[in-house]
Amino acid sequence: MTSASAPLPEAPRAAGRILDAQLHLMDRQVLDHDGVPVTTVDDLEVGGPALDMEIEPGSPPPVLTALLTGSVLGTRIFGGRPPSSRLIRIPWKDVADVGVVVRLGIKGEPLDASWVERWVRDKIIARIPGGRHDPR
Amino acid sequence: MILGDLLGTPVFDDDGGRLGRVADVRFVLAGTPHQLMAEPRLLGLIVGPHSAASFLGYERNGLTRPHLIARFLQWRHRGSFLVLWEDIALVGAHSVRLRPGFTRYSAALDNDEKA
Amino acid sequence: MKRLLGVALGILTAIGGFVDIGDLVTNAVVGSRFGLSLVWVVVVGVVGIILFANMSGRVAAVSGRATFEVIRERLGPRAGLANLTASFLINLMTVTAEIGGVALALQLASSVYYLLWIPVAAVAVWLVIWRVRFSIMENVTGLLGLTLVIFAVALFLMKPDWGSLAGQLAPAIPEQETVWTYSYYAIALFGAAMTPYEVFFFSSGAVEEGWSVKDLAQSRINVLVGFPLGGLLSISIAACAAVVLLPAGISVTSLSQVILPVAEGAGKLGLAFVLVGIVAATFGAALETTLSSGYTLAQFFGWSWGKFRRPAEAARFHLSMIVCLLVGIAVLATGVDPVLVTEYSVVFSAIALPLTYLPILIVANDPQYMREHVNGRAVNVLGMVYLVIILVASIAAIPLMIVTGAGS
Amino acid sequence: MLITPALAPAAKARTHGAPGFAILALAALAFLTGCSGGTSQSVSTAVKDSSSAVATARIALRQDMDGKLTRAAASTTLDDELKEVQTSRSTVLKLSPASQEDRDLQKQALDVLDQCAAGFATARAALATNDGGTPSLSDGDKALAGAQDALKQLEDKVGSK
């Protein structure tokens, strides 16, 4: 192939900010509205295209719909696939900013992604004397 | 579909020739505007002929140091290219097929982001 | 005036916090077996930890991201998890060793058997983590750890033959040792100076204390002045062993041997100082390593973490530290020798170092994180030199461990 | 493939597994293979470890006599070093020598190590009976010095072979 060494043409200028999944999103820390860590971006969910189906020329590009967390981290490392119902989603509409970290525009406390944290807090840590003591 | 599945998937041209693997998936914030951020629309795939491993951040033009690491990773990812959504014919569970006469674009990213 | 005081305090805690059970044991072992012929490794290690701590502290101050968040983000989940597993196990070994060190020092002070002190030490560690403010914890253990200066004082009081001591400084292999044991202990010393937990703790501590770009100058002074002085402390431990134990044909295998030179030079008062110093240093390091276990896990998985939050607001972080302490107690309860655990932990530290060092080196050059505070050219040259050194040490460690039977 | 070792772990990470696990497995192997060797090798190690222990104990006793060491520290030191001698003794005891020569060596080593343990017993008793009683600290030191000489002779003998 000759094209490997010749400089490739620039892609047509896109109409908005560019985000590369791997570079800008995956494995980044997710903070909530108040800067409290919620989780990391363990994977991403895209609304299409349908697998193994010919894509009609001119069909609209799929859209990134949600950040994923929970057991999907385990399957991403070791292989396999959790059932879709077991995925913990943070919908993209709740994302406020993408920088070094991904910031949400909502509070993290009530999210599905925080249930383990809530459970450990309510069942164990808050029950130890001083568990709600403010260190400052 | 889950994006992690797409990363590392082999990419073929229309004749079945292997071009490499999906190294990254590029989005552009140009979809339906929400209250906070616009929806990221799939712009295309970054295909790496030699390695689908992470670029460790060195795909951006601005990142050239430490020099030896930058050179090494650029060498590992030599020949990587961007192929646009319009040129993708089929996304399968184990392969991606491009349309005949697809265009390779430069995969480099401008380092224009804010911290 | 207040600012000057702050600088002084920072430096003093950096010195006092530099030495832990790994430095104590490894330096004494090396001094008793190799004299001062491995001092050059301490120098290499100190320069390395300055470089590494400075980079990770800068990343934390500028971007607010601690080291393990960076590791996960750059290396991805697989290599990140491999690093987490290795770092976490080494951390656990070090927690175990430090708590054992506290207990052994308390036994030397009280003659109550060390196994009885272990639960006491572990509970004390947990209470401090649970209740005490981060800065107080740092400063108290750091300042008390300064009493380890008694090693240097004792060395002077013994009036050694300075000329022959200086003559040992050249790298040379003593006749009863082999090139393999010499290299093995070189790696152990390097690992003792550059333990990854110090970097996890340093960068997370910067986040705990809310460092910003304004604090960079202060942190640079702490590291640049405090760590070399801490390194001198390490060297004086080795020198004490080289003066008293080496001529008597003693090779160090227990903490009681580490303190004998101090008693020789400075008597009972010196003994009191050194025991306070060892308890403070190992206790401080037990806090740091326990916190580091929590930091690494929380940062990899994106949990809420930090002593600046109420425990209930960082529930998994606190739970994981409690579990670590319990595991540490359980391991020590089997009667395993804490000194032996220490000797292994420093070598494993050297083995795991590259996967922690590389992402920090890369991100310290990334303008998205660092804006204009990216590494300078000189730092990068040094950074690449150390990348090679760290890789060589990491690759050579396991073969050397096998060849030498872990240095025996 | 041309991968410089410098970046192999990081670069391969996404495609291949976890280098850390291999490292840990190897380390465990190192643990297991660390201890082996013939009779005279083991005796030599045991003798070296014990003479280091006895020398330490003698320093501790002397420092105690000079008033430089507290009782707690001195007795802890003796306990630690006695443990070292006992460990050496049990390694020698566990040896299964093949030749008559090795059996003699094992017997000799056990005798010397017993002498060491006896020396430690005297020294600890001396430390326990406060000043003036018997055995005195110098008795303890003498017993340990005797053990040290015996160790030295054995060491020379093993070394000369």
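All chains are identified by letter, namely A, B, C and D, in their written order; residue positions are counted from 1 within each chain.
The rule we apply is simple: a residue touches a chain if its C-beta (ideal position, glycine included) is under 8 Å from a C-beta of that chain, and two chains touch if they have at least 3 such contacts.
In this text, all values refer to a predicted model and were calculated from it rather than measured experimentally.
*Asks:* What is the graph distance from chain A to chain B, where chains are linked when they touch?
*Replies:* Each step joins two touching chains, and the minimum needed here is 1.
*Asks:* Determine which of the two chain pairs, A-C or B-C, is joined by the larger number of C-beta pairs in contact.
*Replies:* Looking at contacts between chains, A-C has the larger number.
*Asks:* Can you tell me which chain lies farthest from chain C, using the average of the Cα atoms as each chain's centre?
*Replies:* B
*Asks:* Using mean C-alpha positions as chain centres, tell me how far chain A is from chain C in Å, no decimals.
*Replies:* Computed value for the inter-centroid distance: 35 Å.
*Asks:* Where the CA atoms of chain B average out and where those of chain C average out, how many Å apart are those spots?
*Replies:* 42
*Asks:* How many angstrom lie between the CA centroids of chain B and chain D, rounded to a whole number?
*Replies:* Result: the chain centres lie 60 Å from each other.
*Asks:* Centre to centre, by mean C-alpha position, how many angstrom separate chain C and chain D?
*Replies:* Whole-Å distance between the two chain centres: 26.
*Asks:* Hey, what residues on chain C touch two or more of the other chains?
*Replies:* Where chain C meets two or more other chains at a single residue, that happens at 63, 74-76, 78, 80-81, 359, 368-369.
*Asks:* Give me the residue numbers in chain A that touch at least two other chains, ranges are fine.
*Replies:* 26, 76, 99-100
*Asks:* Could you list the positions in chain B whose residues touch two or more of the other chains?
*Replies:* 7, 54, 56-57, 68-69, 113, 115
*Asks:* Going by the contact rule at the top, pick out the chain A residues touching chain B in the complex.
*Replies:* Answer in residue numbers: 1, 3-4, 7-12, 14-23, 26, 43-46, 48-49, 51-55, 57-58, 61-64, 68, 72, 76, 81, 87, 92-100, 105.
*Asks:* Can you list the residues on chain C that touch chain B in the complex?
*Replies:* 63, 74-76, 359, 361-363, 365-371, 374-375, 380, 383-384
*Asks:* Quick check: in the complex, which residue numbers of chain A touch chain C?
*Replies:* Touch residues, chain A against chain C: 26-30, 36-40, 42, 69, 73, 76-77, 99-101, 116-118, 120-121, 124-126, 128, 130-136.
*Asks:* Give every residue of chain C touching chain D within the complex, in rising order.
*Replies:* By the definition above, chain C touches chain D via 74-76, 78-83, 85-86, 89, 107-111, 244-245, 248-251, 253-257, 259-260, 263-264, 267-268, 271, 275, 348, 351-352, 354-355, 358-359, 387-388, 391, 395, 398, 401-402, 405-406, 408.
*Asks:* Can you check the complex and tell me which residues of chain C touch chain A?
*Replies:* 63-65, 69, 72-73, 76-78, 80-81, 130-134, 298-305, 307-313, 315-316, 318-319, 368-369
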